[in-house]
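Taking it in order: structure first as structure tokens, then the write-up.
The letters A, B, C and D name the chains in turn, as written, and every chain counts its residues from 1.
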Amino acid sequence: MTIYLGPNRYGKAETRVVRVTRDGARHAVTDLNVSVALTGDFAGTHLTGDNTGLLTTDAQKNTVYAFAREHGIASAEAFALRLARHFTGHPSVSRARVEVEAYAWDRLGDHSFARRGQEVRTATAVREGDAEWLVCGLRDLVVANTTDSEFWGYDKDRYTTLPETRDRILATAVDARWRHLSAGDGTDWDASYDGTRQALLDAFTGTYSYSLQQTLYAMGRTALEKRPELAEVRLSLPNKHHFLVDLAPFGLDNPDEVYVAADRPYGLIEGTVLREGAPDAGPAWE
Amino acid sequence: MTIYLGPNRYGKAETRVVRVTRDGARHAVTDLNVSVALTGDFAGTHLTGDNTGLLTTDAQKNTVYAFAREHGIASAEAFALRLARHFTGHPSVSRARVEVEAYAWDRLGDHSFARRGQEVRTATAVREGDAEWLVCGLRDLVVANTTDSEFWGYDKDRYTTLPETRDRILATAVDARWRHLSAGDGTDWDASYDGTRQALLDAFTGTYSYSLQQTLYAMGRTALEKRPELAEVRLSLPNKHHFLVDLAPFGLDNPDEVYVAADRPYGLIEGTVLREGAPDAGPAWE
Amino acid sequence: MTIYLGPNRYGKAETRVVRVTRDGARHAVTDLNVSVALTGDFAGTHLTGDNTGLLTTDAQKNTVYAFAREHGIASAEAFALRLARHFTGHPSVSRARVEVEAYAWDRLGDHSFARRGQEVRTATAVREGDAEWLVCGLRDLVVANTTDSEFWGYDKDRYTTLPETRDRILATAVDARWRHLSAGDGTDWDASYDGTRQALLDAFTGTYSYSLQQTLYAMGRTALEKRPELAEVRLSLPNKHHFLVDLAPFGLDNPDEVYVAADRPYGLIEGTVLREGAPDAGPAWE
Amino acid sequence: MTIYLGPNRYGKAETRVVRVTRDGARHAVTDLNVSVALTGDFAGTHLTGDNTGLLTTDAQKNTVYAFAREHGIASAEAFALRLARHFTGHPSVSRARVEVEAYAWDRLGDHSFARRGQEVRTATAVREGDAEWLVCGLRDLVVANTTDSEFWGYDKDRYTTLPETRDRILATAVDARWRHLSAGDGTDWDASYDGTRQALLDAFTGTYSYSLQQTLYAMGRTALEKRPELAEVRLSLPNKHHFLVDLAPFGLDNPDEVYVAADRPYGLIEGTVLREGAPDAGPAWE
């Protein structure tokens, strides 16, 4: 019997770094959570405990802080790329994956801020050899349509009791990630993020929907149509069920007014929308 | 040895109700989490399992849904009061406490919404006999000042190593509750909430602070000054520490730029600010 | 209009301290989460930002670590008491409240352990002047009876639709706190904890129940009967509803076999059981 | 520009089912959380909202409950397999993935139980055509060694400040999944789970470690050595850092006694250990 080491990686996860830019009286805040994962020649560490060549996760954390000072944080995307390039410069490292979560703060004053608390913006840079990939995204953006959603025409098996509906609430917490055609430095990452976010919302809002799958595809397609810099969009959409309450036992009707917001179980719709001819994803999603 | 039953209460917690108002094409959404707690003559249920006089928590849940249909939800506050009045009408119930959490949604279109995701608005109505109390509030409003905060002059005991500072980040997650002078129906609850929230933010932003305690008191005082309908403000403010990173080992300075956002431990500052001559709080806070 | 500062306190929350005892090859682990809250003469800090007399929360944290070294941690209770006594020795402090959470680890070997993961044990010491109170407890102990639970005979109002039942699942997550008659140093805190926990479980298991309230009272009463060192027990018991699934649409019966474990809403039953003649609780529960 | 639909799946997530077996007075409880994801010919649903051929997630939920009654739940693994086989029988479904989480309950009496609260046991069955895969696992099993862990010999770059150590605490929360050579019905799933869990613990306990990577590999290797029914083990191990507290400012030494249990950041070590000649993983891990 032979047993062997397969794919592996390691790194420092969730380094929380806040950078304050103090240009005169008007400050700015960047608030990130950075996770690094390195792949490379680390068989010795696994097999014999020989740590030669190993870059400690503690040093990775230190690098995050030092780079925030040395280079600033132009954007989550640029920072992730810079770190990925740095770590692949280490001799033992063949691939670096740097995931960044960014928390938005709204301005209250010159040096005062409130955390927005809506979606979390994400940026993941992957570098291997000279190749780079960038996957951006957002999560926890909770949206709802109170009409223009139907659901009918589905299969009925022995266990199907759901009544068909011509009008329902459609609600979800958008978890979207989009792969860029290129990780090139010319992109205006903030504009790209804002534009993609808006495309997703426009599609959610504007789609007369016969299923959450249809809405998912419309969101991915719209993002690709509006943002030529994107190669692929992946969406994971929980169907946050809102059930109409039966008020008949209390002598009341319920003309699509009063709903239960359910926790579990929930439908979960996952899908990928791609641009034809897009370059290979490589290790971007791993 | 004699053992006896002391204070007790029961009710249905976390009934999630969403109400859609459909006035033509332009819809509105109210999204609440309602918790009821009833006090009264329930010794039999505890001592012998005799449930005579007990209003089931299931019926309490049903009442929440039915009232949303019968009466609508003018505001979290009005809804909490209406429910509290209803439940104290039950013969066995001497006191009702109804806590409501409200989740704000921003409009994306006529029938499309995004959950705001910032603070949660709260409203608690307590009724006992003919007396009523209303405690409103908010939680999870994360704010930060990047300057105008000092901390020095404190006691130094054997275990004190914290260096004094003339400039630090001051950040907290505001958890505030305010008791109204009256639960009277004439109040514009939305205006009162918006005004109190703004007063708290203004005080946080505008206070040159020598301690989070000082900021806390300023927040409570400002709310009472700006909102004559309030009797008392209670604040619980975690000091969300941001530690300046020591970059010297890497040959770098750190001129108040790069910080660690720490999770635990955290300072926790709790305090009450009152208006002189305010009526007694009774069971409002219990 | 006069506005004034009311009750207030502050301290370091959630200091995570792990102490390893290395008596030869066989080690032991104590794993605590310590929160301190101090009350006293801190008006200056609030009103003018004058921090004279203020013991920093950073020093409180340091004290937790230093005391773990200097004095060891005989038990969560003894450690909480020792810290409370220390902090009330500071001139500005009139009252100290020290809350400790303890996480149990099971032994896997001489120096290997697995976190048990069941309930969290709690101990809160309060000291004011020369008076001391100790409140111990546990939380998150999830238990269920699959029979010997009925629920009927309750009031039926317009909103009552719940059918009466002569057999149901009764499940809860026990959150219990018990006040000791004395915080005296002679108590065997581990034995007291184990005995009280067992009394609560025995009462839960052994009570033929007509309501969760009845079970709650039996649990409190049994703990007081079995543990003469206790003055009072407070219980907060969510009714973790298990609903029998209606399988009739699929041509199946369901003879009390298949249940939905629901998340929200849930009943919440809270109650206090006391020993007659027990000393006053003072600020023990605040 | 052409845009097209890529890989997609959908299903009902987190159906909570509790099954009580009542063989005379002595009951048993099975407590599961079941998530289904179906892949197949669902382009119409995405592209045009034509739901022909779609099996609703509501029906999937119903199937979970009905199967619990019709077939019982012999084990999480057997239940997952049975459901996967059922769903791939639906004409539109080419692949079914059924993930089950199982929560263990300890017996307190004939019909009384306490939730164990330690690790969660997982079982995932994937079926496509006639091929089946089974991935079992556990998560949230928190373990620690208080000695026999060194860490030194690693690379030192500009950002490396971590001192080498010859003795440290090694703690992690084990997240392990193991793929079976066959999903065949002959396996004693409970024995396989218990044996694999024990092998992981034995390797964690018994490995004198120079890195968490080495411990990870030892855990995977031991599981494969002890359990011939396994093809592959994947481990994700957060390094739950315990930092020795510097007590020198207080005039105290700290001979490996008092530690901070840190939350973030943490090292994250991920790796796969395989048996040579194991069959292809197919879609087992997707």
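Going forward, a residue touches a chain if its C-beta (ideal position, glycine included) is under 8 Å from a C-beta of that chain, and two chains touch if they have at least 3 such contacts.
A quick note: this is a predicted structure, and the numbers were derived from the prediction, not measured.
Novice: Enumerate, in label order, the chains that touch chain A and chain D alike.
Specialist: B, C
Novice: Let me check something: if the centre of a chain is the mean of its CA atoms, which chain is farthest from chain A?
Specialist: Using the mean of the C-alpha atoms as each chain's centre, the farthest one from chain A is C.
Novice: Return the distance between the CA-based centres of chain B and chain D, expressed in whole Å.
Specialist: 38
Novice: Any idea how many Å lie between the Cα centroids of chain C and chain D?
Specialist: Those two chain centres are 31 Å apart.
Novice: So, what's the distance in Å between the C-alpha centres of chain C and chain B?
Specialist: Each chain reduced to its C-alpha mean, chain B and chain C end up 23 Å apart.
Novice: Out of chain D, which residues touch more than one other chain, so two or more?
Specialist: If we look for residues of chain D contacting two or more partner chains, we find 16, 62, 66, 159, 161, 249-250, 263-264.
Novice: Which category does the touching pattern between chains fall into here: line, ring, star, complete, or other?
Specialist: Contact pattern: complete, every chain touching every other.
Novice: Using the touch definition up top, name the residues of chain D that touch chain A in the complex.
Specialist: So the residues of chain D in touch with chain A come to 1-16, 35, 37, 42, 45-63, 66, 90, 92, 150-155, 157, 159-162, 209-211, 213-214, 216-217, 220-221, 224-225, 232, 238-239, 264-277.
Novice: Quick one: which bits of chain A touch chain B in the complex? Just the residue numbers, please.
Specialist: It is residues 16-22, 27, 29, 31, 62, 65-66, 68-70, 105, 108-109, 111-119, 140-148, 169, 201, 204-206, 242, 245, 247, 249-250, 252-254, 256-263 of chain A that touch chain B.
Novice: In their complex, what parts of chain D are in touch with chain B?
Specialist: It is residues 158-159, 161, 249-250, 263-264 of chain D that touch chain B.
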